[in-house]
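Each of the next two complexes has subunit A plus one more chain, namely subunit B in the first and subunit C in the second.
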Partner chain A sequence: MTSRARLFKEYKEVHREKGGDNDIQLTCDDTNIYRWTAYIKGPVDTPYQEGVFQLAINVPEQYPLVPPQVRFVTKIFHPNVHFKTGEICLDILKTAWSPAWTLQSVCRAVIALLAHPEADSPLNCDAGNLLRSGDNRGYRSMSQMYTRLCAVHPNAGRPNSS
Partner chain B sequence: MDTETGGEKERPRDDEIQAFHNQIRAADAEKLEFVGDKEPLSVLEDEYKAGSAVFLAKLQILKENYGSIRRARGDGNCFFRSFMFSYLEHLIVTQDEAEIARVEKSIEICKQTLIDLGHAEFTFEDFLGIFVEQLQSVIQGKETSISLDTLVERCRDQYVSNYVVMFFRFVTSGEIRRRAEFFEPFIQGMSNMSVVQFCRSSVEPMGEESDHVHITALSDALGVPVRVVYLDQSGDINDKPVTVNNHDFIPEGMDTSVDPYVILLYRPGHYDILYRRENPANVEPTILEQKN
Partner chain C sequence: MEGGRSRVLCKFFMHGACLKGSDCQFSHNWSDNASQVCTFYQRGLCTYGAHCRYEHVRASRITKPAPPPVPVPRHLPAAIPPGSNVDSNSTAETAVKPSSIPLKDAWQQNSGQNLVNSVAGLSLGEAEAEEPEPISNDPSDRPICAFAQAGNCPHGESCRHIHGDLCPTCGKHCLHPHRPLERENHKLQCERNKKNLEALLKSQDIECSVCLERVHSKPTVSERKFGLMSGCDHPFCVGCIRGWRSGSHAPGMDINTVVRACPVCRVPTHYVVPSVVWYFTPEEKEDIVNGYKNKLSEIDCRHFDLGNGVCPFGTSCFYKHAFKDGTLEEVKLRHLGAADGSTFIVKNVRLSDFLKF
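Now for the complex of A and B:
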């Protein structure tokens, strides 16, 4: 299976570069190379700063011809993340996917999305509406609140039970 | 504030969308293989019987030099898929070992280009490997040799076909970015995107359609001359003579009089493989001429 071979290469690469990227901690399920977990740090100068967010990554058999499925496990208030399911609206995870991306670079793209919310075509309409109406303060306070509630130690990276 | 609303309850999940997408593709596959069988050019006449006069007039001109077509599935990868089959078929027919050695050198350079551009080798080496495997199997008399029929099968195989298409996409993207200054005006002219954005959104993802920029880049990078014959509505039936436009993509450093290894028929939005007539001198009288 080529997807398996490719994932082993990514696995090796992640271990070789351990410590290289402090903002991303990517681990593979002990028993299933198609299931990965990532912990990403909220970027500085954003409402997600100091938060650590857990991502669940599900890799399909046809990977890397098709994208991995990535969703937030940690609750997050962001226009492009579904508030309930954690689904992410990001072009490279849909139509703009190419095998040039890796699980590691996908995590980097998700971090970039946190710093650059796209208020048009939001998955979280409330967050989108705040940004679109220019209520930056409202957006920041909501997203900061959820970061503190769900993504900052000691709850860091744990799924919110609400 | 109630952050739980938004009316997205009915929205399908990602995997449901993917499953639906696969279903559509499977339905398409039943209609036409990635590459079809070789068919006489007259099948197009039947197709356009009720079509525009310009189209029919051009078809007649086309028949003077070309005899058959082989269709590629219209899934956005038709240029790359047609290129793959046409080039490998050219090699099977000519048994040109020197050409294979030459293109393998070009592939090495493409590989270095991608590494220089910051791609990790493991992201593209599987795709490269599959293409090289096909190249090495077209020369006859070896244990790994394949027949033309097997080549057809392989180009219809989801795995082989898509992996080679993806390799070409990597090569095309690498060449465009390596010569960003050259390609930039063309890209700006049609899309308003930067070179990097263009490669990321219109070259690297599967299913993104190709045009001049892609063809130029792939032809240059691999050193393979390509002819595109345009069958479109341009021109007026009352302007005689109606002409069929050709464009030869000749890689730098190659003699411009070279006979292209790959000949493609372009109809707006789609590429198929085109074949020269076996005996171009002997043209049957055409419907149009009979009418006139």
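Now for the complex of A and C:
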């Protein structure tokens, strides 16, 4: 029950700060407070800029003692994101989780991950290998292409995941 | 006077506001203990359950020693203010209606004084005339006026009782002018109460970083406690932080850098101290932590089990390690120095410790 109370608290906080944080849009499922959707903007000066990526957040019952499950719904080419499932390899979502993190701060951490890929623990080996072999140009063009293909929409509004 | 009283410390006196003064049937002696029996449990419902700080003793068991009823009859002579006489008539009269005793005190002084005069005029018994004299001359034996203490005495200046001096802290006329010890006790107690109240007020708005709620807004009283971190100054509910530290964790989570660390700043913390109030200075924190440790050091460690068991916390344990005869456990730590200069403490030396596999 503590998880529900805390999620309500976060829900209120998100609504209060609406408009303040432009690169993160958190919304909660209308019928289930344990399911959230986030739209994050790709950070500037990265291959992901101009892209808007959809994240699906599944909050476990024991939250915040257990981290939420976050995955990319929008396809993305990044060494720490599984190309097919969208699974994210990020320590704070696994072993370094702290109950003081909120869904908002998790989204911010994912944005930071986009800007600083960790090629040494890749979920997407192709992206990881490109970076590890020093082929920055190859990595940039691949990720930019997928950003343009999947995350940038001509109407610049929210992308449809389907 | 002291003999007729209950040995149980008066709870109103403990808070510096017993209106009955020296006529109270409970003890006003700081060396006596307060009652540790939960009255709610005896009536059948204690909402704190197993967490109650008072003893859960059935009513049938407590009636046997029966501390309050016993002193009542013996207490009667003591209940009469020393200013009045110890006349057999008046004791007989008051003994008939024991329930009216505390009420009667405030007015008895007058009638008692009249009785003294009449008795002195009638019988002129040497012993009787002598006895009330020295007592009534000693103002420290006379109680202070309960009305003045509570705020307003209808008799004003003409009141026969002593009007207490104003306590600067609680703003009540409750300082007995002729009992220096009681004055000091009251002042100390009053200041401590005021400090606690202020700290409590300041703690109201502190939020827990885990549940994001104000700690003092929790539904039950037992949850409205802070968990003080020994390593840093981030506030948490004691329930939240303990739940995080002792909960089940994902495999691969490092105990020392993740679980035992502060969720906010990741500074490792070895223990969490529960406290109703939050602190605002390092000294206040130290006071709370030391108070907690002192309290625990009076409780027998259940792992140590009076010498029958082994406590996994060893010398770091906060609880009391005493044997059945009351002697404390003495531990000599054995430090082993390795060739590379590092030392470690051995508990039970086994040959296998020195073998390499």
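As a working rule, the second predicted complex is superposed on the first by the 153 of 162 C-alpha atoms of A that agree within 3 Å, B and C clash if a C-alpha of one lies under 4 Å from a C-alpha of the other, contacts with A are read in each partner's own complex, and residues count from 1 in each chain.
Criterion: contacts are C-beta pairs under 8 Å (C-beta built on N, C-alpha and C of every residue); 3 or more make two chains touch, one makes a residue touch a chain.
Everything numeric here is computed off the predicted structure, so don't read it as measured data.
Asker: Record, for the superposition on subunit A, whether partners subunit B and subunit C clash or fit.
Answerer: Aligned on subunit A, subunit C clashes with subunit B.
Asker: Kindly classify A:10 by the partners it touches after superposition: subunit B alone (first), subunit C alone (second), both, or neither?
Answerer: both
Asker: Kindly classify A:123 by the partners it touches after superposition: subunit B alone (first), subunit C alone (second), both, or neither?
Answerer: first
Asker: Looking at A:108, would you say it contacts subunit B, subunit C, both, or neither? Reply first, second, both or neither.
Answerer: A:108 contacts neither subunit B nor subunit C.
Asker: Could you let me know whether more residues of subunit A are touched by subunit B or by subunit C?
Answerer: Counting contacted residues of subunit A, the larger count belongs to B.
Asker: Where does A:140 make contact in the superposed view: on subunit B (first), on subunit C (second), on both, or on neither?
Answerer: neither
Asker: Of the partners subunit B and subunit C, which touch A:66 in the superposed model: first, second, both, neither?
Answerer: Both: A:66 reaches subunit B and subunit C.
Asker: According to the stated criteria, A:132 is in contact with first (subunit B), second (subunit C), both, or neither; which is it?
Answerer: Neither partner.
Asker: So, does A:96 touch the first partner subunit B, the second partner subunit C, both, or neither?
Answerer: both
Asker: From the superposed pair, tell me which subunit A residues show up as contacts to subunit B and also as contacts to subunit C.
Answerer: 2, 5-6, 9-10, 13, 64-66, 95-102
Asker: In the complex formed with subunit B, which residues of subunit A make contact?
Answerer: Residues 2, 5-6, 9-10, 13, 58, 60, 64-66, 69, 71, 77, 82-85, 87, 91, 93, 95-102, 123-127, 142.
Asker: In the complex of these two chains, what residues of subunit C are touching subunit A?
Answerer: 209-213, 240, 243-244, 247, 250, 252-254, 258, 261, 263-264, 266
Asker: Which positions of subunit A touch subunit C when the two form their complex?
Answerer: Going through subunit A, the ones touching subunit C are 2, 5-6, 9-10, 13, 62, 64-67, 94-102.
Asker: Touching residues of subunit B toward subunit A in the complex: what are they?
Answerer: Touch residues, subunit B against subunit A: 1-8, 13-15, 18, 119-120, 122-124, 126-127, 159, 162-163, 166, 169-170, 173, 200-201, 204-207.
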